[in-house]
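Structures incoming, each one as structure tokens.
Across the two complexes that follow, chain A remains constant while its partner is chain B and subsequently chain C.
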Partner chain A sequence: MDLLQISNLYVNFTTKAGVVRASDGVNLEIKQGESLCLVGESGCGKTIVALGIMRLLPQNAQISGKIWFKGKELLSLGKEEMRRIRGREIAMIFEQPATCLDPVFTVGDQIAEAMRVHERCSGKESKEKAIDLMEMVEIPSPQKRFKQYPHEFSGGMQQRAMIAIALSYNPSLLIADEPMTFLDVTIQAQIMELLKDLVSKFRTSLLLITHDLGVAAEMCDGVAVMYAGEIVEKGRVSEVFKYPKHPYTKALLGAISNDGLKPIKGSVPELTSLPSGCKFHPRCPLVRDVCREARPEMKNGVRCHLWEKS
Partner chain B sequence: MLAIVLGVTVLTFSLMHFTPGDPAEMIAIARYGMEDLTQEGIEWIRIQEGLDAPVWVQYGRWLNHVIHGDLGRSLIDGGLVSKDIMYRFPATLQLALASMIVSLVIAIPVGILSAVKQNSAMDYLGMTGALIGVSMPNFWLGLLLVLFFSVYLGWFPVCGKGGIEHLILPVVTLGTGMAAITTRLTRSSMLEVLRQNYIRTARAKGLAEKLVIGKHAFKNAMIPVVTIIGLQFAFLLEGTVIVETIFAWPGIGRLLVDSIFARDFAVIQGCALVIATIFVLVNLAVDISYAYLDPRIRYERRA
Partner chain C sequence: MERAIPAREKVSPYILEVVDGLKENRLAVVGLAIVVSLVLMAILAPFIVPHDPIELHLDLRLLSPSWQYPLGTDDLGRCILSRLIYGTRVSLQVGVMVVGITAISGSLLGLTAGYLGGIIDEIIMRIVDVLLAFPGLILALVIAGLLGPGLFNVMLALSVVGWTRYARVVRGCVLSAKERGFVEAARAIGSSNFYIMFRHVLPEALSPVIVMSTLGMGWTILSAAALSFLGLGAQPPMPEWGSMLNSGRAFLRVAPHLITFPGLAIMVTVLAFNFLGDGLRDALDPRQKKRVEI
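Right, the complex of A and B next:
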């Protein structure tokens, strides 16, 4: 059974420039214990999907579709019920950990805080648990670090603290939105190892959002490739990365191939004025007439006219 | 800090020197009355009070006395300036603190609610109120309040100091203007903070909205507000001068105005010194509370 099932998720923002279609009918499933990565260029709507699951989108977002999680439909839950799921059942870590920790409270307090609220445990108890968590995410000398403020932590340590917060309840699903971006390469590798270890130790399902295909290949079982608000290809990492079907996936993989960088021509379309037909057609090297007119359906894990017949 | 206080006294001293009107003559009128006024009498006072010396000598003498803890005597009635000020000061302090409390009690909740419910009816109402409050000058609002509540309705006394009923109108006059500015600042600061990533983290942790707003957003949003409260204290001291005059409130502001009219140098200098010192102390208190609110500043100082 799927732990999380997103069906037909549409997220629109009405702005002065027009309607921004940030998520345009996204379908995704994550099984219990599975880790799925959502890859794509910046601005294709990956974060919107993640925030949609958490129901943390800005108030001006118009959301439709269904998000099933453990038999509950998240979009129809009351605010209070949703709050109980956040942090406990679904936790999230973000990019730029430096901006994600409150600068005026100690890191320890921010880790202990959620426990005090969700489990109603005492200050002392929550402090002990927080220190255990800090040890688990390998923050050195946690007793001392507990009392320090976020600005006294390095970027890597801040992200470890964020992971400690996220895993404090042993959630069923962890959403990690570009957790390695903005960190040094060596630190990236450490954080990746840590996340991988913890996820397998706690048997937590993972939704990893990244544009780093190397990270995706290293950490995940499944992959979904997103382009301009829709999923264009999905499948097992081993298969998709070896035998990519969609021209966009091929181009993404080609961009980091061994014979140097090969940028994809053009850029992600403005989400206010999406091209007709297949959204990738203006950049597609294999474009045909049908691609300009009709929007392809998702079939056998790929959304492309070239694969529809076979 | 000392330099600021010193600068203020130098400035008032020289400004007083340049204001038209012969102080010796004014003092003579005050002491002996118009009828007994003679040229000899005026000259005698000039020499007696040391007003014949160059202005910098006068300042030097005064400063020397202040350093020895002596603010001098009033040129008019010969009473000790320090005693006058000590006698009047509690009334001003009462007025200032009450106004401050009133303004904060209005401004902070309204500012926060306006930000949290941005673009709601509450927000528009709060902001319209703030706009009116900002644009209404103290002296005008004071007179309007007196006209309506004291003269027309007869609810409160027109002026003077006494029980709580005497305090209400002057405090409302002073407090609302200040509340207007603080409300707007609280709102914009809160809106800024609510956009921050750490607020999203707090929500992602599953904290209740009242904890997200009341703890994380509040403490961050208060940092600029505290600064402005310090600056507003200057506005408040200036306001007390006007409001004390309108409501005949026996405070330092009124003393200052009266002594300016009487050219009572010693009292003017004393008041200026006290007001400047208070201002500097309040700003120091703001800096200290800053370090309490914002650990990044604490850290910089230690390093």
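Right, the complex of A and C next:
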């Protein structure tokens, strides 16, 4: 059975500019111990799916669909039940570690705080556990670092601290929302290694959100390509990246090929006025008449008219 | 004079930084010194007064300042200096009580309004708007007048009027703080709203509240003295600066020292708190931190 199963997740925002369809019928499954990568350009709704799972969407969001996690339907849980799942069962790492740490408390204090959220834990005990966690995420001299404030940490160290907080309860699912985007390339590699090690060590399932295909290929078993609020292709990383089916996936992979940069022409459509038919058709090099009219269905791991026939 | 740079490289805790910032501001240091000496005066009053502040000496009425009575005597022959020293107690008590009540209740209401939003926010902030539509002192005068004279009623009246500014400022800070990343991160690890409110959101509003409380001390002492001057606050024979002004008013021409010294006491105290408050505002504001040129 899947650890997490999202079916028909719709997230709409009602704004002055109209209804924003940030997630338009997303289906995803993550198995126990599997790591899945959600890739796509900026603004295609990746983060919204993650926040939807956590039920931390902004107040003007309307969410519908089903999110099954360990036999529970998250969207129908009460607020208090959901709160107990957050942090303990599903943890999340955010894009900018610097803003996620409260500047007025020491880093160690905040890691220890995570330990006290769900269980009673004495100050001393939580401090010891926090130092263990800091060792686990390879923060050097944790005793000394425990007493330092977030601004005394480098970006990479801050992200390590965030990972320590996220793993404090050994959650079944870790959602990492672009955890490497704000770091230097060398630090990115370190954090990636660390995450990979920890995830396999604790058999934590990982939902990694990124637009870096290299990271995705390196870290994940499965991949789901998202475009304008829907999944256009999914499958094993090895298959999808080697034999991409959807023109969008091809274009994404082609954009960083060895022949130099090949940007995808055009940009992600405004989520308030999505094109009819296949959402990718205005940018698709293989566009046909049917693409402009009918919305393709997800078949054999790809949402494209060209593949429906063959 | 050159400053030793290596000493500055040591990371000093936040409090020390604030103290450092305060030290650079001369007026704030003066303010702090006056406030500290006022507090000492209030605590040590029984030991340092030259005479009993309440005992009447009808044969020694309206004496000018002399060695025996450094600030002279009032219309009932009481030592003005002693009364001023005891008056410090009353003023500081009123100030601390009122500022304590208003700062805490105003902050809590502002925190609730800002964090929860919606109908609760509307209710609290509309009450604030209504209260702020009246001039503070006039409203306090009306409330104290309705409740009847007495120091306690004055404190009550000033509290009812005073909490609104704290609520407004704290709500503003909370509105910006609750959108910060660490609040979302705290939610993501499953912290409860109550916990997030007090641990992560309230500290964001702390430094403006500290500054406002210090400035509020001045305002409260001044207002309490004004209400006492109008006969609503401290009742005779309690030595209170405002009521001393009031009783001395009749002898303005024959014995001006009767109102000069209480007036000076009020002015110096209020000024001291204002200097200190201004200094604290500069010291606590991280945006005004100076960069050291090397």
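Everything that follows uses one rule, which is that the second predicted complex is superposed on the first by the 310 of 310 C-alpha atoms of A that agree within 3 Å, B and C clash if a C-alpha of one lies under 4 Å from a C-alpha of the other, contacts with A are read in each partner's own complex, and residues count from 1 in each chain.
The rule is short, and it goes like this: a residue touches a chain if its C-beta (ideal position, glycine included) is under 8 Å from a C-beta of that chain, and two chains touch if they have at least 3 such contacts.
Computed from a prediction, not measured in an experiment: that's the story for all the values here.
Trainee: Looking at the combined model built on chain A, do chain B and chain C fit side by side or clash?
Mentor: Clash: chain B and chain C overlap once superposed on chain A.
Trainee: So, A:131: does it touch chain B (first), chain C (second), both, or neither?
Mentor: It touches nothing on chain B or chain C.
Trainee: Does the superposition put A:174 against chain B (first), chain C (second), both, or neither?
Mentor: In the superposition, A:174 touches no partner, neither chain B nor chain C.
Trainee: Mind working out whether A:67 is in touch with chain B, chain C, both or neither, as first, second, both or neither?
Mentor: neither
Trainee: Looking at the overlay, what does A:86 touch: chain B (first), chain C (second), both, or neither?
Mentor: In the superposition, A:86 touches chain B and chain C alike.
Trainee: Go through the superposed model and pick first if A:151 touches only chain B, second if only chain C, both, or neither.
Mentor: The answer is first: A:151 touches chain B but not chain C.
Trainee: Going by the contact definition given at the top, which residues of chain A touch chain B in one complex and chain C in the other?
Mentor: Correct list for chain A: 54, 56, 83-88, 91-92, 94, 96, 99-104, 113-114, 117-118, 152, 162, 165.
Trainee: Going by the contact rule at the top, pick out the chain B residues touching chain A in the complex.
Mentor: Interface residues on chain B, with respect to chain A: 196-198, 200-209, 211, 215-216, 219-220, 223, 293-296, 299.
Trainee: For the complex, which residues does chain A have touching chain B?
Mentor: 54, 56, 79, 83-88, 91-92, 94, 96, 99-106, 113-114, 117-118, 149, 151-152, 162, 165
Trainee: Inside the complex, what are the residues of chain C that reach chain A?
Mentor: Where chain C meets chain A, its residues are 11, 180-182, 184-192, 195, 199-200, 203-204.
Trainee: Which chain A residues qualify as touching chain C in the complex?
Mentor: Against chain C, the touching part of chain A is residues 54, 56, 83-88, 91-92, 94, 96, 98-104, 113-114, 117-118, 152, 162, 165-166, 168.
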